[in-house]
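Here chain A shows up in two complexes: once beside chain B, once beside chain C.
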Partner chain A sequence: MTLFKKEMVENWRNKKWVWVPLVFILLAVMDPISNYYMADILGAVGGLPDGAVFEMPDFTPPEVVMMSLGQLSSLGVLIIVLISMGTISGEIKNGVSELILVKPISYTNYITAKWTALMLLSWGALIIGMLGSWYYINILYGEISIADFLSTVFFYGLWLTFIVSLSIFFNTISKTPGLVAFLTILTIMVMSALTKVFQHLLEWSPNNLSSYIMQMLIEGNIPSNLTGTALTTVGLSILLLIFSIVIFRKREIAN
Partner chain B sequence: MEILESINWAVIAPLIFIQGILLIFAIIDWAKAEDTNGPKWLWFFVIIFVNIIGPVAYFLFGRKRS
Partner chain C sequence: MTLLKAKDLTKKYEDKTVVNHVNFEFQEGNCIALIGPNGAGKTTILRTLAGLLKPTSGSIIFNGKENQDFRAFIGYLPQYPVFHPWMTGLEFLIYSAQISNFSKKEAKQRAENILHKVGIADAKNKPISKYSGGMKQRLGIAQAIIHKPKLLMLDEPVSSLDPIGRREVLTLMEELKQDMTILFSTHILSDADEVSDELLLLNQGEIVESGSMKGLREKYQTSMIELEFQFDRDSYLEKVQDIPSVNLVKVERNILFVSANDIEKVRNDILTLAAKENWPLMSFQVNRASLEDMFMKVVNQSCNG
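Presenting the complex of A and B:
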């Protein structure tokens, strides 16, 4: 617990609790706004021949939610990876972890404290960011029910959980923060490629979460595939966490 | 003034507000920092003049991990 508190204090001191949620709001909100004003923007920039008429598609609220999630999936995930890349590997490198681990603290505690602090930060940022997006969708496009909104946030949060666990896992393997970030992103990319190639075999791959969320928003009920995918994602995250603890323990004892 | 009135403030105001907070926090942190990655004065201009991305870049790459 004290370790967890130390993590939270540290994340507050380096202002992560301020800027990460703010950036998530901006990311989530950017696409809904720019698409709403796209016609005006094109008109103001000019360069269109006289009489050119653009039929701008009218987006339905679920489509706009997906735009927000799309931004979070690319840039949001990148930010999570970047803030988490040094969380353990950096401490191993500059010796802080050794200072902590001479005290009677188990390796399990050390890893889970890091993981929980990161989880809280990314879930918090996601919730705040999506609230921003929800606000704009309600003014500009139309209603999304609270239930739909909450389930979107919940299921998408599982994807972020997976990213955090993946990053923690690589944190225990590598000592170089840059390499951690690279490996995490590489894994996500390879996974998404595999998911596309073996579409029929990997129906419950975590990469499919967003598309099932879309399906849920359109159809209005939770598809069984979404439940399956959610369970897979949670399972994989727990496995990654256990592996991280085992690897970390082995490595520290070897030292 | 017509332009000012035509803007939908319910849409724009929160964005300006968020950008403002981000900038203020980055500047306070920058002022307190003893040393940064790269020249300190350079980060000042990055934070002030690069919209949104400037402060974020500072938090991600400019801060020295202590």
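Presenting the complex of A and C:
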């Protein structure tokens, strides 16, 4: 508990609790707003020949939700990887862990405290960002029900959970924060490629969460594939966390 | 009572053996200095005892229990302690006490007391990023003793400090000796000489000599007499050499260095002669072998052997 509190205070004092949610709001509302005003923006900037008729596509609310998620999946995930890359490896690299880990603390608590603090930050930023997106979608495009909004956030949050667990896992292996970030992103990319190549075998790959969320929003109920994918994602995250703890116990802390 | 015993402790990195089948033990209540040249393996041994490194082979027996997690009973100060720079000194100590399983209230109390003890109470609410090197070292000691460990391990506790800081830390160590066993590494021999009761001499990953300060002194005793003349050194040189069983070791400016097997007798002979003939003596001194002489001797022996 002390370790967890320290993580929360640290993330508060280095302003992560301010800028991460702000960036998530920005990412989530950017596409809904810019697409809605695209016709006006083009008109104001000019450059269209007289008489040109420009048909702007009409987006349905689920499509706009997916735009927000699309931004979060690229830049949002990158931010989570960057804020988590040094959470353990950085402490080992600069030597603070030599003071902390010689105290009689449990390695399990050390890892789970870090994981929980990052989870809260990621989920908090996701909820705040998607609230912004939801607000503009309801004003500009049409209604998304509370239930749909909540389940979108919930299922997408599982994807972020997986990213955090993956980053923690690489944190326990490497002591170079940059390498942690690289390995995490590489793994996500490899998984994404594998998911595309072996579409029929890997139906429940965590990378598919977004597309099943889209299906859910269009069809109005939770497809069974989404449930399966969610369970797979949770399972993989728990496994990663267990591996992290096991590896960390055996690891040498000093350089 | 034996507090800690290292049995055949070995640490290898790929093909380099940093600590090579080291055996030692020490009693509760002692102050032990781990001395040796740079790269001898001092830091590696301390880190292994602290549980930060895993030995390649061998075992550590603490308080009679072999290879167990005894972190609750040790305090450790690394050579270059790094703190969370965004915390204040007081916060860091409270945090250290809390992760050593003290309640928040008790942690606070201990932190305040220790801040006074190590003399940085005035800066307790400043962020650690603003601390000077000496203050960090003292904060480092404070976090190492906050849970009243049985064994305090300090890695080069004074080598990075200025003379004043050095003196303060040594005084603090003298004080702490009353409450706990201290194991510290150093390559500054006079520091070891000053506070420790026992020595472990390390060279190239092996313990080349160990024992109590007193015992080692006797073992490597080569007493020498130092005679300083005001003038006319050369004419007395012969007279000194004429005294039976005297070996002239060297001459430095106006000082003659003399050794002998029976130092007591030679001392008396010289003093009698000097009084009788009214030698212009500036000083007369009988030196014990310094720790440094012993160190050089032992390290050279182990290099040649």
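The working rule: the second predicted complex is superposed on the first by the 252 of 255 C-alpha atoms of A that agree within 3 Å, B and C clash if a C-alpha of one lies under 4 Å from a C-alpha of the other, contacts with A are read in each partner's own complex, and residues count from 1 in each chain.
The working rule: a residue touches a chain if its C-beta (ideal position, glycine included) is under 8 Å from a C-beta of that chain, and two chains touch if they have at least 3 such contacts.
Keep in mind it's a predicted model, so treat the numbers as computed, not measured.
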Touching partner for A:N94 - first (chain B), second (chain C), both, neither: both
First, second, both or neither for A:G86, with chain B first and chain C second: first
Partner chain in contact with A:V197 - chain B first, chain C second, else both or neither: neither
Chain B versus chain C as contact partner of A:I146, first or second or both or neither: neither
Which of chain B and chain C A:N14 touches, first, second, both or neither: both
First, second, both or neither for A:A44, with chain B first and chain C second: neither
Partner chain(s) touched by A:E252 [first = chain B, second = chain C, both, neither]: second
First, second, both or neither for A:P104, with chain B first and chain C second: second
On chain A, positions contacted by chain B and by chain C: 14, 94
Contact set on chain A toward chain C in their complex: 2-3, 6, 10, 13-14, 94-96, 98-105, 250, 252-254
Chain B-touching residues of chain A, taken from the complex the two chains share: 14-16, 18-19, 22-23, 25-26, 29, 33, 79, 82-83, 86, 90, 94, 132, 135-136, 139-140
Interface residues, chain C side, partner chain A - complex: 47, 50-54, 69, 71-72, 74, 76, 78, 80-84, 86, 95-96, 98-101, 140, 143, 147
Complex interface listing, chain B residues touching chain A: 10-11, 14-15, 18-19, 21-22, 25-26, 29, 52, 55-56, 59-60, 63, 65
